[in-house]
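First subunit A sits with subunit B, and in the next complex the same chain sits with subunit C.
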Partner chain A sequence: MRLRSLVTLGRMIAAPSSARALSVSQPLRTVYDPKAFEEPITDKKLLIQPLEESDPRNFLLIKAMQSDDTPVFYRDRVVDKFVNLCLQRGYKEIARTMVYEALETIKRHQYKAWRKAPTAAEKSAIELNPFVVFSQSIKNCQPMMKLIKLTRGGIVYQVPAPVAPSQAEFMAMKSLRDICREKAHKGRTSFETALAGEILSAYKNEGATIQAKQEFHKQCEANRAFAHYRTMAS
Partner chain B sequence: MNAARRSTALLIGASRTRFASLRTCSTQTLRTYRASTNDPGDLAISDVGKFYEVAPEALDHLQFKRNLTKEQRKQYDTLGEYLWMCRRPYLEAVNCLQAVRPSFPSLNVVLWGKFGTGKSMTLFQLTHYAYSQGWVVLHVHNVLKWTRGRDEIAMSAYKPGRIDTPIAAQALLSEFKSMNTPNWSKLSECKTERAYEWSKVETTAKGSPITDIVDMGITTPHLATDCFGALVEELKRHASDSKFKLLVTIDHGNSIFHSTKVKRADATYAPAMDLSINQQLVKFAHNDWSNGACVLVVDKKEFYPSHDLLVVPVDTPLELLGEKGFEVLDPFIPIETTLYSMDEAEAAYSYYYDKRWITSDKGRSSDGKKELLYISAFNPYMFERMCAIV
Partner chain C sequence: MHPSPAALSRAVFPKKMYFRETQPMTLRNKVSEQADRYSGGSACTQEHQLLFACLRKWEFDDTHCYKEHAAFMACVEAGEKLRREFKEHAEKGELGDSTKKLTSSQLNKLMSMYPQADGGHFPFRFMKRLPHMSYADDHFHRKDKVGKNS
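The block that comes next holds the complex of A and B.
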């Protein structure tokens, strides 16, 4: 009897018609009991507003805030994402130090140019905020297409396809990171120096990362003949 | 920048009184941050928390590129000017130095305080003060350089068992020469008390200028340690004879009394007092001379990495000097370097605001200012680090 009811439950779970499948899987590793903990509020504006009476956060425990969720005014989504991308073996502190040091170098470079600029018009053209420079550089490095691998007739084709903005951003960051790691390989220079230089070049649409993007565009262009494979059934 | 972790820990230490004054701090009113004078000797208590400008030539003579930290060098390079804040510990120390005279025995001053509160900076400001007042200055940049360093060593010919550190001694002598460029002619008028026989070939006759000893040490490194020892004796003697006023500034001064990584012939680590150079520096702390002062910084770097926040060591002089060191220096004047007061922090913010070094719109807003001050927990080092990115 018990076995039969379990089987029925399993069928219910697997039923595709139900609006939301009931998950019976437990998180593999967490210190937080999912039934007892809620996410913390990290937005300062929301934090000062009172909770509704029915809000479960009134009755449950709250998870500790993530180290990169602290509500500081200089928090930047793009920079945080890049820090996570530079992360190696979980040493986030080191990754953050390196990226922030590169930001400092960028700021000093821009500031010196600003200080030496003779006229007010020239001064106002120089962006001093390193976070803005960083975001713009990442934007400049984003590819317009991507290449996907499709097998047609036993042959793998690199087929150009449209790319979502989030993926384009990821591709730009990954390309930038790999180029900087290559430059800093075996202590030729430090990662932060390479990163600062590369970002400043990318800000002016120059440098190795921009070149890599253009190479990639050329490859997409060369493979445009395969574009129709994307709509063709395999 | 490890700002997030460090500042969190520092935030815990920030005093509650400052949080109480959060409501009253007027945010957008820019204070005048310039001191009434640029002469380091004329700064008064009304100038506390304000900046005075330092001439680049003086800093070149004082070898600031070697003696200041990487962050400070970068900052001066970027902003293109040399502004230092006049703070209370500096004025206290200057007050002590103004009491120096031939009839008083030499003063011992100990600078102590938390990481990033400006111990080394105050020390360097004092060397600049003495330099501008025409004193003879002997600045020791870092004692750890020879107690922890891997430079070559030599056994002393002067006293068996002692260890010479030729490279460090030579560097000290050449720095002494550079720092006292304006006083060099005055120093060359001072004559040696006795004849020195450095080796079979090299000698300095009795009555020759003491600058000869410095030049001898700079040109012949293997004699540099002995030359430095002779220079110490001569400087003390001439200062007592009121030929000049003498200021000795030693950074990481407590390391003179602790352990070393210098190995003896039997592969054991030599105690710090076995190094000739430490023996010679300690002589400045003895009160057998007058018309001068010896200022030391006690730093926990001797025991812990300076950025270590997991271990919370005590910053006080007795703990850092050890009983032996304390006895040698006693009696001394302890001066504590502290975190920024609200006025000082606001002046520092105003300076960066005015120079447009704080670039982001959020950082230039009143909320951004509050965040900068409180996240850096009024720690001067942390505040500078925070401002370097926003």
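The block that comes next holds the complex of A and C.
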């Protein structure tokens, strides 16, 4: 009986035809008893300091650290956000490895260029930190506005509107990711290689992602007549 | 020709109309709550068009248009700030001279501070016995009704 119910449950979860997919993005319950467990300290500065005597963390169990929070010196907010965006079916390790491999490729490329550079002035112009290169290319890919849809009289207008910095960052990352996935489609190239190349060209303000951004700007400009609808749309 | 029975039963004098104040003739101390919209502030059209012009000039390469973009975003941000402040004030119903027109919440606040004379409450005239009315009299025509007959 138990086996049968388990099989039914498995079918329910796996059934593609179920009306509403089971969301796994946020855990509905935790395995940690809230009375017995405390959050771990992830900040390295706080970690050095001793705990107060009355601190409950002296007596309680500590939850396992999230893999995002591991105190590594190369932690970067922009890269972490991009890793989360590249995530497929929850395989974060794979996504992270791919992005870091691309960063390594960038580092190698920049270092090679640095070694080839004849003068000190040219050497100092080359950015060797791949994290800086990455964040700068993401910045270069950010659109200046967004298009929001407004339906009036059965016609859907594309209304150009200002975009918040965080959303612009997201749009840039998504565009970059989609272009790299397209390039790596059916094993034409690997995602890492495509990403490294795309980031390096975006750093120099060229490449497919920058082109996509400019196309988007062109689309916004074509819809500039509807810009005054913005107050109605938002 | 004889008049019809209906015509005979009709009063010969013209019908008299009396005004009876069923509800007190005062306005309520409340207006319906509405979502207060901020009418002021600019849509930043000027800045937006300048940004478009710059993008067109440089063939949609935005590296030359950071200044225009910053100006546009500053305008948007200023408008958002005004809107946020207005909303905050409106929700609290705070009274100030910053706005020309009173919002519904501000109006309600004012009227709760200075309410009108007693406007009565529901049910206004339903079986209300005034001081001169005797309990013995059948004022409300409940003599033949089931239950309390006063």
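One rule holds for everything that comes next: the second predicted complex is superposed on the first by the 182 of 234 C-alpha atoms of A that agree within 3 Å, B and C clash if a C-alpha of one lies under 4 Å from a C-alpha of the other, contacts with A are read in each partner's own complex, and residues count from 1 in each chain.
Simple rule for what comes next: a contact is a pair of C-beta atoms (placed from the backbone, for glycine too) under 8 Å apart; a residue touches a chain by one contact, two chains touch by 3 or more.
Just so it is clear, the model here is predicted, and its values are computed rather than measured.
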On subunit A, do subunit B and subunit C fit together or clash when superposed? fit
Based on the superposed arrangement, let me know which partner A:Tyr32 touches: subunit B (first), subunit C (second), both, or neither? neither
After superposition on the shared chain, which partner residues are touched by A:Phe131: those of subunit B (first), subunit C (second), both, or neither? first
Looking at A:Lys218 after the superposition, I want to know if it touches subunit B, subunit C, both of them or none. Which is it: first, second, both, neither? second
Which superposed partner A:His228 touches (first subunit B, second subunit C, both, neither): second
Just subunit B (first), just subunit C (second), both, or neither: which does A:Phe170 touch? neither
Nearest approach of subunit B to subunit C by C-alpha atoms in the superposition, in Å, rounded to an integer. 27
Interfacial residue positions of subunit B with respect to subunit A in the complex: 1-5, 74, 77-80, 356-357, 359-360, 362-363, 367-368, 371, 375, 388-390
Within their complex, state which residues of subunit C touch subunit A. 43-45, 48-49, 51-52, 55-56, 59-63, 65, 69, 72-73, 76
Which subunit A residues qualify as touching subunit B in the complex? 67, 70, 72-74, 93, 96-97, 100-101, 103-104, 107-108, 111-112, 114-115, 128-131
In the complex with subunit C, residue positions of subunit A that touch it: 140, 144-145, 160, 162, 205, 213-215, 217-218, 220-221, 224, 227-228, 230-231
